[in-house]
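Some structures to go through are shown next.
In the two assemblies presented below, chain A is common to both, partnered first by chain B and then by chain C.
Our next item is the complex of A and B:
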C-alpha cells in the first residue's frame, strides 16, 4: 500500500510535468492554429538557461527558475515572429507553419546540443530545494511538491486568463478567426505576441522543473516532454486548460503504475494507444468544445 | 625532391575518391528518400496530411529484412512483398482514419508513428527489439536509379489519369468534387494505398541502404524530414517530392562542407528561408503556367 501511494505521488509529479508542458503546446495549437514541432526545444532551452543561471551566475533557485522561464518565452516569441509571422501575413495553411516549425526545431535542437556539449548535464546539488518531507513513512521530495504546485498555479492562472479576462476572450477570438477578431477591435498582432510568449514560458517552466527532477538537461529533455505533452493535449481536449492538466496527470500516473505493476515495456505503449483511441473515438478530448472547424 | 612531391597527388586522389564515395552514398540516400517523399506526396495530393508513411516504411523494412534473413529469400522478391505489406496496412489505416478531419488526421498519424516504435521494440522476434537488426541486402546505385525512374513514370501517368485529376479536385475543394460525382473517400483510399505501397518499398530500400535498422530508424524524424522535403520541393507536382528529397539529402552534405560546426543550423536556416520566400516549393506548376502565359 505504501509503495502504491509512493508511486501514485511519483506519477502525479511526472504527470504534472507532462501537463505543464502540454498547456504551452495547447495554447499555440488552439490560439495560433500551429502544430509546433519546435515546442519541445523551448523546454530544453529553458532548462539550459536556468542551469546556466544557477551554476555560472550563482543565482538563487527562484531567480534562475524565472530566468529560464523568461528565456524560453523570449525564444518562443522570436520563433513566432521569424518563422510564423511571414506565413501568417500571407494567410497560408497549417502545413507551411508546420514546416517552418520543423526548421526551427532543427536549428534550436542542434544549438542546444552545442550549448550542452552533447552531454546530459544536471543541476548541481544545492542549486535547488532538496529537502525531503515525510508523510508517515512515505517520502515527499520538495521538487515533486513544487512541480505539483506549479501545475496547479499555472492551470488556475491560465483558466482565469483564457475564460475570465478580456485578453483571454481576445485570444479565443483570434484563434477562431483573425479577420473577424480585428473587426471586433482586437489587435491580432499583439495577441499573437503575448500568446507565443506565454506558451513558450509555460513549456520552459516544465523544462526547468523536468531538468531538475530527472537530472537530465539536454536536447533530449524537450523531445520526451513533447511527445507526452502532445498526448496530454489531445486526450484532454486542446482548447481546454483543465482537460490538459487532468489528462497530463492521469497519463503520468498511468505510466508509473504500468511500469510498476505490469511491465516497463508497456509504459509508452499505453500512453500512445490511449492517444490514438481518443483521436479516433473522441477527437475533441475529455473537455474540448465541439464546434471546431478551422481548415 | 621527388619523394617530397609525390605524396601530394596521391592525397588529392584520395580526397577525390573520398568525395566520390561520400557523394555516391548521398545520391543513393536521395533516391531512397525520394520514395518516402513520394509516399507522403501520394496522400498530400488528395488533400491529406498524413505522417503514416513512417509506419508503412517500418513494416516494409522490418518484414522484408526478416524474410530475407530467415528464409534466405531473394532480396528482389522482398521488395514487392514489402510494397504489398505497406499497401495492405495503408488500406486498413485508411478505413479507420478517413473519417477524421484534416487536423485530427495529422495528429492521429503522428500517434501511429509513436505506437509503431513501441510495437517494434516489443516484438523482438521480428524486429530485433531495442538492439535492432542488420540487413544483408546490397543495393546497387543503378538498380535504385532504375526503380526511381519506374516510380516517377508511374506517378507521371497517374497525375494525368482520371484518378490524378479527381485527386486534385478533391484536394482543392471536396464539396465541388463531390458535386461532380467524385467520391472523396474512394479517391483518398486509393491515395492511401499508393502511399502505403511506395512507403513500404521505401522502407525496405532504406533498410538495405543503412544495412542496419533499429526502432529509431523509423521514427518522428523521418516523418518530419519527409514532409519538409515534399513541401520544400513543391507539394503540387509529383516531381517536387523527388527534388525536395534530393535537396534535403544533399543539404547536410553541403552544409557540412561549408559550416562543419553548424551543419544542422545551416540546414534549418535554408529550410526556413525556402519556406518563407517560396511557400509553394521549388517546383510550382502554377508559377510555371503563369510564366508560360505571360510570354
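Our next item is the complex of A and C:
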C-alpha cells in the first residue's frame, strides 16, 4: 500500500508536468487555431535559460525560474509574430500553420542543441529546493510538491482568466472568429500577442520544472513533454483548462502505475492508445467543446 | 684498354642495376598517399557527448600518424558524415562512403542496433568497418568488420563480483534498459554469476533509454528493499536512475557501468555519483602505461579536456587502421586492407595496456573498478569503512 501511494504521488507529479505543458499547448490551439509543433522547444529553451540563470548568473531559484518562464514566453511571442502572423494575414489554413510550426521546431531544436553542446545538462545541487519531506514513511521531495502546486495555481489562474475576465472573453472570441471579434471591438492582434506569450510561458514553466526534477536539460526535453502534453490536451479537451489538467495528471498516474504493476514497455503504448481512442471516439475530449475539422 | 673500358662499363651497369633493384626492394611498402576513412559521426543527437569524444580522439590519432611519419609520407584523412545515432541516416552515410571509391575504410557506431543495421551493407560492399563504440558481442565479422570497443560484459560481471565479495549483499535489484539488447545480455551474465554465489535477485526494474523521469523506477527499486542496486543502462538513464535513487534517500551501494566514466557525467551528477563503483578499461588518471600517459597529455593539449573511454576508443580505431595500412605493399585497396586488419593480433600503439585483437574484437586483460571522489577524480574503488 505504501509503495502504491508513493507511486501515485510520483504519477501525480509527473502528470502535473504533462498537464502544465498541455495547458500552454491548448491555449494556442483553442485561441490561435494553431497546432504548434514548436511548442516543445519553448519548454527546452525555458529550461536552458533558467539553467544559465542559476548556474552562470547565480540567480536564486525563484528568479531563475521566472527568467526561464519569461524567456520561453518571449521566444513564443517572437515565433508567433515572425512565422504565424504573416500566415494569419493571408488567411492560411491550419495545415500551412502546422508546416510552418514544424520548420520553427527544427530551427529552435537545432539552436537548443548548439546552446547545450548537444549534451544533457542539469541544475547544480543547491540551486533548487531539494528538501525531502515525509508523510509518515512516505517521502515527498520538495520539487514534486512545487510541481503539483504550480499546476494547481496555473490551472486556477488560467481558468479565471479565460472564463471570468474580459481578456478571457476576448481570447475565446478571437478563437471563435477573429473578424467577428474585431467587429465586436476586440483588438485581435493584442489578444494574439498576449496568448502567444502566455502559452510559451506556461510551456516554459513546465520545461524548467521538468528540467530540475528529471535532471535533464537538453534540446530533447521538450520533445517528451510535447507528445504527452498533446495527449493531455486531446483527452482533456482543447478549450478546457480543467480537462487538460485532469487528463495530464491521469496520464502521469497511468504511466507510473503501468510501469510498476505491468511493464515499462507497455507504458507509452497505453498512453497513445488512449490518445487514439479519444481522437476516434470523442475528438473534443472529456470537457472540450472544440472539434478537429476533418480534411 | 678498349676491352677493359667496355668490361668496366658492363660491370658498372650491372652493379647499378642490382643497386637499383635492391633500393626498390627496400623502398617497397605502402604507396605514398592520403588515405580516407569514412567516419559516421554522432556529434549531435541523444549521445552526442560520447560521439564528440570519439571524434576528438580519432582526430588526434590521425594527426599523430602524420606527425610521427608512422606511414612514411602517407597520412590518414577522416571524412565525416553526421548521423546523430540514427540508423537510417547512418545507412545513408554508409551508402555514400561505399559509392566513393576514395574511401578505403569506414568507422561508426555507438549504438549496437545501428552497428548491426550497417553490417549487411558493409559485408555486401566488402569495405572494412571498424566499430568504435557499440558494445554488443558478436558484431565483428572477418575480414570486413572489426571492433575496438573493449566488451564491457565480462568487466561488469567482474566488478559486480568484486563489490559483492567485499560487501556481502544478500539480495540485489537490477535497473535495466529494457530496450537495449547489449545491456540485457550484460545484466543476464552478471545476474547468473551473482546467483551462482548465492546472491538473490530481488527484482529487475525496467527503464527505457529515452526515458527522462526515473523517480518511479527508483521508487520501484527501493520498494524491493535490496542490499545493493546494479544499473545496466545507457548514460543518461544511468545518470537519471542513480540521481533519483540518491534523491529519494537510497544510501546503500549502487554499482554502475562504464558509461559513468566521462568527466561530463561527474559535472552533471555531482555528489550523487560519488562513491558509485564501476569498471573501466581506460582512465586518464589511472591508466599509467607510457602510451596512455602520452595520449592523455596530447589530448589535453589539443582538446583542453581530459580524455575519456570514448576518446580512447576513437584514438585506437585510427591507429588500428594505420597499422593495417602500414603492413600493405603498394597501393592499398579495401580488399588488401581487410586482409591486413585480419592479421593483426597485437596493437603497435595502444592506450589501455595489455590490449590485443581476437577474431576482430579488441580485448584487454584485467579490470579496474573505480569510483568518483567528491573532488571529481577517478580512484580505485575500495569498500566503505
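As a convention for this text, the second predicted complex is superposed on the first by the 289 of 295 C-alpha atoms of A that agree within 3 Å, B and C clash if a C-alpha of one lies under 4 Å from a C-alpha of the other, contacts with A are read in each partner's own complex, and residues count from 1 in each chain.
As a working rule, a residue touches a chain if its C-beta (ideal position, glycine included) is under 8 Å from a C-beta of that chain, and two chains touch if they have at least 3 such contacts.
Every value quoted in this text rests on a predicted model; they were computed, and no experiment measured them.
Asks: Pick one for A:81: touches chain B only (first), chain C only (second), both, or neither.
Replies: neither
Asks: Report for A:159: first if it touches chain B alone, second if chain C alone, otherwise both or neither.
Replies: After superposition on chain A, A:159 lies in contact with neither partner.
Asks: Check whether A:99 is in contact with chain B, with chain C, with both or with neither, and answer first, second, both or neither.
Replies: first
Asks: Once the structures are superposed on A, label A:10 by its partner contacts, choosing first (chain B), second (chain C), both or neither.
Replies: After superposing on A, A:10 lies in contact with chain C but is clear of chain B.
Asks: Of the two partner chains, chain B (first) and chain C (second), which one does A:182 touch, if any: first, second, both, or neither?
Replies: Neither partner.
Asks: Contact-wise, after the overlay, does A:265 reach chain B, chain C, both or neither (first, second, both, neither)?
Replies: Touch status of A:265: both partners.
Asks: Is A:121 in contact with chain B, with chain C, with both, or with neither (first, second, both, neither)?
Replies: A:121 contacts chain C only, not chain B.
Asks: Show which residues of chain A both chain B and chain C reach, each in its own complex.
Replies: Residues 265 of chain A touch both chain B and chain C.
Asks: Any idea which chain A residues touch chain C in the complex?
Replies: Counting only chain A, the residues touching chain C are 3, 6-7, 10-11, 13-14, 113, 117-122, 124-125, 130, 132, 139, 141, 144, 210, 213-216, 220-221, 224, 255-256, 259-260, 263-265, 267.
Asks: Quick check: in the complex, which residue numbers of chain A touch chain B?
Replies: Of all residues in chain A, those touching chain B are 35, 37, 82-83, 86-87, 90, 92, 94-96, 98-100, 102-107, 109-111, 114, 227, 230-231, 234, 265-266, 268-269, 272-273, 275-276, 279-280, 283, 293-295.
Asks: Going by the contact rule at the top, pick out the chain B residues touching chain A in the complex.
Replies: For this pair, the touching residues of chain B are 49, 96-97, 100-104, 106-108, 110-112, 114-115, 117-119, 121-122, 220, 224-225, 227-228, 231-232, 235, 261-262, 264-265, 267-269, 271-272, 275-276, 279.
Asks: Would you mind writing out the residues of chain C in touch with chain A in their complex?
Replies: Listed in rising order, the residues of chain C that touch chain A are 43-46, 48-49, 52, 178-179, 206-208, 210-217, 219-220, 223, 236, 239-240, 243-244, 247-249, 264, 268-271.
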